[in-house]
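For reference, the structures are reproduced in the following blocks.
Both complexes below contain chain A, partnered by chain B and then by chain C.
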Partner chain A sequence: MAEKLSMYLAFPFVQNTLIVGVLIALCSSLLGVVLVLRRFSFIGDGLSHVAFGAMAAAAVIGFSDDMPFILAVTIICAVILLKSGRNSAVKGDAAVAMLSVSSLAVGYLLMNVFPSSSNISGDVCTTLFGSTSILTLSENDVRLCVILSAVTVILFVYFYNRIFAVTFDEEFSTACGTNAKLCNVFTAVITAVVIVLSMKLAGALLISALVVFPALSAMRVFRSFMAVTISSAIISVSCALAGMLVSILAGTPVGSTIAAADMIMFAVFFVMGKILGRR
Partner chain B sequence: MIAIETHNLSAGYTTPIISGLNLSVNAGDYLCITGPNGSGKSTLMKTLLGLIPPLSGSVKIHAGAGDVGYVPQQNDLQKDFPASVSEVVMSGFQGRLGLRPFYSQHEKESAESAMMRMNIAELSRKSYRELSGGQRQRVLISRALCAGRKIMFLDEPVAGLDSQSAKEMYRVIHELNTEGMTVIMISHDTESSMKYATRVLTLGRA
Partner chain C sequence: MMKKFMCAVIIVMMFAVTSACAKIKPDVDLSKMNGVMAYSGLFNVMCNPPAYEGKIIKVKGFCDSTHDDDTGKDYYAVVLIDGSMCCMIGVDFVLKSGKYPKVGDMITVMGKFEQYKDGEDTFCRLSDAELM
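Moving on to the complex of A and B:
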């Protein structure tokens, strides 16, 4: 088994996959803490559907490099969704459902009306569940992913204290002079970026697993924001690594294997939380 | 010395709930705002704080950016929020961060003294979600003390507290006031608030 693994690890495309996977896992876990705590978990899911629709549209229009277009569309939708804010939770909820189902429908419709290849159901399946697409990353994808992930992590660390403050109490932050609105827009943009990046790895339908599970697992056991953030990042990166290695060795789809690893980790942390008597 | 002034203030989200309010609060005053539900108490407080723009008229607060503390009502999101007490208290300094990403040693020490002042120093490593209602309120007041020590706004600070904790809370607020802090508090409980307040503003539907 070790031999098989070292053989695979010698391939540049496998190395690329691992680098991109770890970076995406790191970004999505940092973001996940904020989204889960602000009750925005579902927005990640909705946005991934938007990204799916955008990807289909990009294929029809015939962009050679579809990433900038998908990013732009998803960022705009993210800003619109998060702008409704926490005060209009019900409205926001319905808006997410509406937007995500419309994007799915339009995306699938476009793919069928203007087929770009003969295997439509295969294309759709790949986009939705990720399957093997992570192994076919272009140099460009890898570079973009590394740059965007680095920017995300740096911004998160720099604004860490403000992110905590606004997440905990937006009203108090505003009264203190923190620009909570700008902070929300920033969250929306980062969300969109992470979602689009993760789509290559996990597929549109499975991204939420990467976003919400690490944060939820960490929250079972840890009690301060700092501890939750750090452990969520560690959980996410180790699950992504484990998932990718298993998928390479066993030939399982990357996205769902990582999601399964995240699920198992959540179960472990859930039990640990119960044993430690956390509420 | 005047701390807060309003001139012909109309406040509300789209239609005015309060109109033509001329109010002046002196430094060191203890102003209690009372009135039935929907009379605009919280709206007025948020307008004074600049969270909602006034529909017409003006609000003037004679204090610097680091002088005003605010204790909002506790919100639902905070019930299971993983945050240590010291993290919450430290966030009172966010307005002074400027371009710095992290809090200074001096700010950490001030946060400790604010927690000591509110008798919650031994809770600093505990999680906010594990505290009782009264303890949480002390945490939020400590945070407000970090944000500013001249004027404090409190929006129903005793909501949800049992009568013993409520009494204790009024005593603490009174103490802050006797030390020279201007207090503006919303309260339903007119009897207890009358006991300490130097001025009372009663809002009602016209």
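Moving on to the complex of A and C:
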């Protein structure tokens, strides 16, 4: 097995996969803690469907590089979703469901009415489940992923205290002088960026596994925000790495293998939490 | 007489060993990979042809063929399907010598990767290919 693995690791596209996969898993886990605590666990799913719809629209319009368009549309929808508060006509979860299903439907409709490739089912399958998309990254994709991941991690670390305050008590942090609205917009932008990147790794339908499972696993055992954040990052990176290596060796789809690894880790931490008497 | 015979046997054996050692080894061997990795490997080759120009590539897949009515030429390709059977990718090959396989046959092909022009378009193929 070691010989087989070293054979695969000699290929540049496999090295790129591991680097990008680890970075994406790290960013998703940091974001996941904030989203889970703010009861926006399903926003990852919703925004990934928006990104799918934007991808279909970009193909119809004929953009050579669709990433800026997808990022722009997803960021706008993320800001709209995360800003919808208690007084909005359509509440958070309903807004997510509405946008999510509309984007998926419109996206698939556009792909069928204006096909840009001869294998629509294959393209849809790859985008939704992330079977080989992380293994077929171009040099530009790798560069963009590395830059955006680095920016996300740096901004999260720099604004950690403000994110912490707004996550637990938005009104109190506003009263203390924190610009909570700006913080929410910043969270929305980072969410959109991480979701669009994560689609390459796990696919649109399995993205929630990357975002939600590491945070929930950490919360089974750890109590403090800092401990949950750090352990969530470690869990996410470990599961992504394990999932990618199993997928490479066994020939399984990458996205679902990583999601399965996250699920197993959650079960382990759930049992650990019960044994330690946490919850 | 016995000594001459033994010398002849040793010379023949040395020649056989030298020939085996001189066998061409592929620079990129996709034939030993599983479905997902072989598909991804060939996808990367076809998306970045200059990086693989002149390299010996070995691929295992099923044979497909197409006939161009304009030029009257037959084109043969080795096609791979990914692990989840939803996507296919292939590369043309031109045999150095010998008969081409039947469409649908599972084949292993090794050849030199190159880009070539056919009219105004540029294509990729494995030239001087051998069936393994």
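Annotations for the structure displayed:
To be clear about the criterion, the second predicted complex is superposed on the first by the 273 of 279 C-alpha atoms of A that agree within 3 Å, B and C clash if a C-alpha of one lies under 4 Å from a C-alpha of the other, contacts with A are read in each partner's own complex, and residues count from 1 in each chain.
We adopt the following convention: a contact is a pair of C-beta atoms (placed from the backbone, for glycine too) under 8 Å apart; a residue touches a chain by one contact, two chains touch by 3 or more.
Because the structure is a prediction, the values reported are computed rather than measured.
Once the two complexes are overlaid on the shared chain, A:P253 sits against chain C while remaining clear of chain B.
More residues of chain A are touched by B (comparison of chain B with chain C).
Contacts of A:T126 after superposition: chain C is touched, whereas chain B is not reached. Contact with neither chain B nor chain C is seen for A:A72 once the two complexes are overlaid on the shared chain.
Applying the stated contact rule after C-alpha superposition, one finds that A:S173 touches chain B and leaves chain C untouched. When both complexes are overlaid on chain A, the residue A:L276 reaches neither chain B nor chain C. In the overlay built on the shared chain, the residue A:F13 is in contact with chain C alone; chain B does not reach it. Once the two complexes are laid over each other on the shared chain, residue contacts for A:A105 go to neither chain B nor chain C. By the touch criterion defined above, A:I61 lies against neither chain B nor chain C after alignment on the C-alpha atoms of chain A. Of the two partner chains placed by the overlay, neither chain B nor chain C lies in contact with A:I147.
On chain A, the surface touched by chain B in one complex and the surface touched by chain C in the other have no residue in common.
Those residues of chain C whose C-beta lies close enough to touch chain A in the complex are 28, 32-37, 39-41, 43-44, 47-48, 82-84, 86-88. Residues 37-39, 86, 157-162, 164-165, 168-169, 171-178, 218-219, 222-228, 279 of chain A are the ones touching chain B in the complex.
In the complex of the two chains, the chain B residues touching chain A come out as 46, 49-51, 65, 68, 70, 72, 75, 77-78, 80-84, 87-88, 90-92, 94-95, 97, 101-103, 125-127, 129-130, 143, 147, 153. Chain contact summary for the complex, chain A toward chain C: residues 7-8, 11-14, 119, 121-122, 125-126, 129, 131-132, 135-136, 138, 247-254.
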